Amino acid sequence: MLNIGPYEFSSRLLLGTGKYPNFEIQKEAVEVSKTEILTFSVRRMNIFEPSQPNFLEKIDVEKYNLLPNTAGAQTAEEAVRTAKLAKASGLCDMIKVEVIGCQKTLLPDPVETLKAAEELLKEGFIVLPYTSDDVLLARRLEELGCHAIMPGASPIGSGQGIINPLNLSLIMEQSNVPVIVDAGIGTPSDAAIAMELGADGVLLNTAVSGAEDPVKMAKAMRMAIEAGRLGYEAGRIPKKRYATASSPMEGMSIS
Amino acid sequence: MLNIGPYEFSSRLLLGTGKYPNFEIQKEAVEVSKTEILTFSVRRMNIFEPSQPNFLEKIDVEKYNLLPNTAGAQTAEEAVRTAKLAKASGLCDMIKVEVIGCQKTLLPDPVETLKAAEELLKEGFIVLPYTSDDVLLARRLEELGCHAIMPGASPIGSGQGIINPLNLSLIMEQSNVPVIVDAGIGTPSDAAIAMELGADGVLLNTAVSGAEDPVKMAKAMRMAIEAGRLGYEAGRIPKKRYATASSPMEGMSIS
Amino acid sequence: MLNIGPYEFSSRLLLGTGKYPNFEIQKEAVEVSKTEILTFSVRRMNIFEPSQPNFLEKIDVEKYNLLPNTAGAQTAEEAVRTAKLAKASGLCDMIKVEVIGCQKTLLPDPVETLKAAEELLKEGFIVLPYTSDDVLLARRLEELGCHAIMPGASPIGSGQGIINPLNLSLIMEQSNVPVIVDAGIGTPSDAAIAMELGADGVLLNTAVSGAEDPVKMAKAMRMAIEAGRLGYEAGRIPKKRYATASSPMEGMSIS
Amino acid sequence: MLNIGPYEFSSRLLLGTGKYPNFEIQKEAVEVSKTEILTFSVRRMNIFEPSQPNFLEKIDVEKYNLLPNTAGAQTAEEAVRTAKLAKASGLCDMIKVEVIGCQKTLLPDPVETLKAAEELLKEGFIVLPYTSDDVLLARRLEELGCHAIMPGASPIGSGQGIINPLNLSLIMEQSNVPVIVDAGIGTPSDAAIAMELGADGVLLNTAVSGAEDPVKMAKAMRMAIEAGRLGYEAGRIPKKRYATASSPMEGMSIS
């Protein structure tokens, strides 16, 4: 079970809703993924422009917990304003804080992220900050009271997978709130690695929406995340330099 | 579908039967894994000593395709003799050729493996050789007529996972018979990586039997292999150095 | 040439002075390394306790630029106080800001590091902060006016080498001040990789002082850093999936 | 010292002579590299066509030990014929056996390589076979009497560096003759890694001749190989998950 704030989820996959070929494919991918948390950019949502097409149209909003993000914000102030807009829609009380410090790498700005998180926590939001894998920054965010920590595996949409498993696992080790690996995942094995490290969940978007077959990839990711979690729980064999026979021969003879 | 010789399998997981804590756990792990191919050491099987306990007792042999291996053989001659013993039992016509050249690493001897494969092919066996990830050696084995190629990911039981994804993928690229990654897998993500590279299957033993919870790990592996295969088919996003927004902001405004 | 503040150095190796087997070996390692910058913990220096043995005794201080660090500080305030103590000795005007946020990982605290750097810059120090490889944090430190950025390769003394070459190279790409890779280096090749990524220098301590033969390792590191720099300047061949003949055969015949 | 057959070398860098921008640059790179062993393709050498330009013209042949290779050979027979041609020139008694099994990957054919090595050893050559990193194949080659083993790091000219450090180090561990890492090196750090693993030497060509500045890269490689060797001899610190203070604070106070 994944617990974030007052919510409890069976699925450990959080799915983004950006850049699918079309809403039909998006809808199907969402269903196949069995996600319970949909994340989307408040700025892209057209909540307040009902005349525009909207990804929510095709989706039964009741079935999902919505996690709006503040993508596009470059300062804490912008992030806070965006978060409040999202809440005003009445659709959600969780917010993924995303304050980008660099348009080329889309990596988060640590100072503004801390500020935004602090402010939004005061306002009563359930706050999930997107952050780098800086271990002490993650600790700071947790100390502020954030409800989950969302360190990136590699730059958003880069598909580079998990570059720094050490930092991610140090964050998981120290955290008392869920750690959700967010950004950079490219393949099912990337997602499985995150879970095997001890992540509580994985947030995906481009890896699914940008795949040649998004629906099939959504299914692959769902299974990989579950497999990785089971693998984590099952306790892997240790790594050894040399071999260990799987078929021990001691005392066996053949004639 | 995985096709080996005349056989067709829905599962891409081949499971070894060595070193489980006990036969009950082994039985459950085998069932949960949904494998259709069980591999075991002929020398360990006690086929011919019915008074001894035998892993086959607990398992409904009719449900599985048995893939005996020649573990323990250090020469082609020993491997051939072992294979014939297995066939004589009437239980199987497939053989995993395993001719070990070094007791510390349990890595295969290329020359004896080629010899054994050639001989057993002449004798009408369905031959699956365990081999290193030497690309040209794999090609030689295929040219001999082997029915599948089984390159190791890393030493048997070492849990080091896939050390050389390049060689494995070059073997997959050149092969017209199934390529089954055999040996060295430690985690579900390792198995998923093998499948994402394009493997037709994965053979596991210690990663499951040696896990703290073999049954849970068997399930994890089943899902990871399926996830990896789906991911391979779904077509991953390309890796990029820089980021790509999942929530494009072009032409969006917020006030 | 490595330029830090008003100083110019031919060597790109910064060497720490902690934990050598004895002062003789330390002295020899320092000489062989050809470093021009020695770093040391102010707290360990015994500057103010002349009765205690001191690494400076054996070393001709005139030949080196001293870079004291604030190791042991857990807050900006402590770091600032330590830096001032160092300056009061009259030996140095550079300071390596090191504010540790966690005693197990010795990873730096981003918020206190920023604060300490800001304060020390105001006080007129030449400031070189030890930081994580968080790209935007590095940018913040540069924007404050820091004279160099010192991102860690992996935890201090861990010998894990460069875990995240992407982040390090993104920091190098964005920086207009020297980037010196600090902490985590274990081997000459680790140091060479840092330089090949485009680092302006490498700071080492445990990799040398903790080696079986610190003097030999000091020499190895000196050469590796120079080799890596030359390699960076020389422009490496691109990586390719397939081979390229080094001995092209076109139009050649042999009879 | 590197000992191959009756020869003793101070340099551990073996340099190829293919594909330099021109003979002047080649000459300078060779000198700067301080190599003592030059390798070249017999087929490209124009030994027997004195009217053609020849890399040997610019080079003082007396200063180097020549290591011709059999590049272009696809069978043992071709390799043997090429080797004999080289010997007939009176310039050399060493031969690098290179029997390529695949034109796309230029990976060696294990069976033909074994055959060629065996035959050339009988003929009294000093035999250095280029081989894959198959551990048992390397052992077979040593058992035949080869004077050195030359496993590839990755495909020739690919610049992928060392893909499988485990296999290389297992080969080094088992070998009583020099192990020279051959093919695939891209950067000085790649060469240093090979040496740190325990290699006796590194053979380079494209990494130098194809660099933007081959002369500078030749120098970088020379230093990296020496650095890597020194690092190997100096005994690296162990890798640890957590940090170890380089500036221990026990019992220290600051006021």
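Order of writing sets the labels: A, B, C and D. Residues in every chain begin at 1.
Note that in this section a residue touches a chain if its C-beta (ideal position, glycine included) is under 8 Å from a C-beta of that chain, and two chains touch if they have at least 3 such contacts.
Everything quoted here is computed from the prediction, not taken from an experiment.
Same or different for chain A and chain C, where same means more than half of the interface numbers show up on both copies?
Because over half of the interface numbers appear in both copies, chain C and chain A meet with the same residues.
Measuring between Cα centroids, which chain is at the maximum distance from chain B?
If we average the C-alpha coordinates per chain, C ends up farthest from chain B.
Could you work out how far the Cα centre of chain B sits from that of chain D, in whole Å?
34
Using mean C-alpha positions as chain centres, tell me how far chain B is from chain C in Å, no decimals.
Chain centroid spacing, chain B to chain C, equals 46 Å.
At which residue positions does chain A touch at least two other chains?
105, 107, 155, 160, 166, 241
Name the touching chain pairs, would you?
Inter-chain contacts occur between A-B, A-C, B-D, C-D.
What residues on chain B touch chain D, complex-wise?
Touching chain D from chain B are residues 101-102, 105, 107-111, 114, 132, 134-137, 139-140, 154-155, 160, 163-164, 166-167, 170, 174.
Enumerate the contact residues on chain B facing chain A in the complex.
Touching chain A: residues 16, 18-19, 40-44, 69, 71-72, 81-82, 85, 104-107, 155-160, 186-190, 192-193, 196, 205-207, 209-214, 216-217, 219-224, 226-231, 233-249, 252, 254 of chain B.
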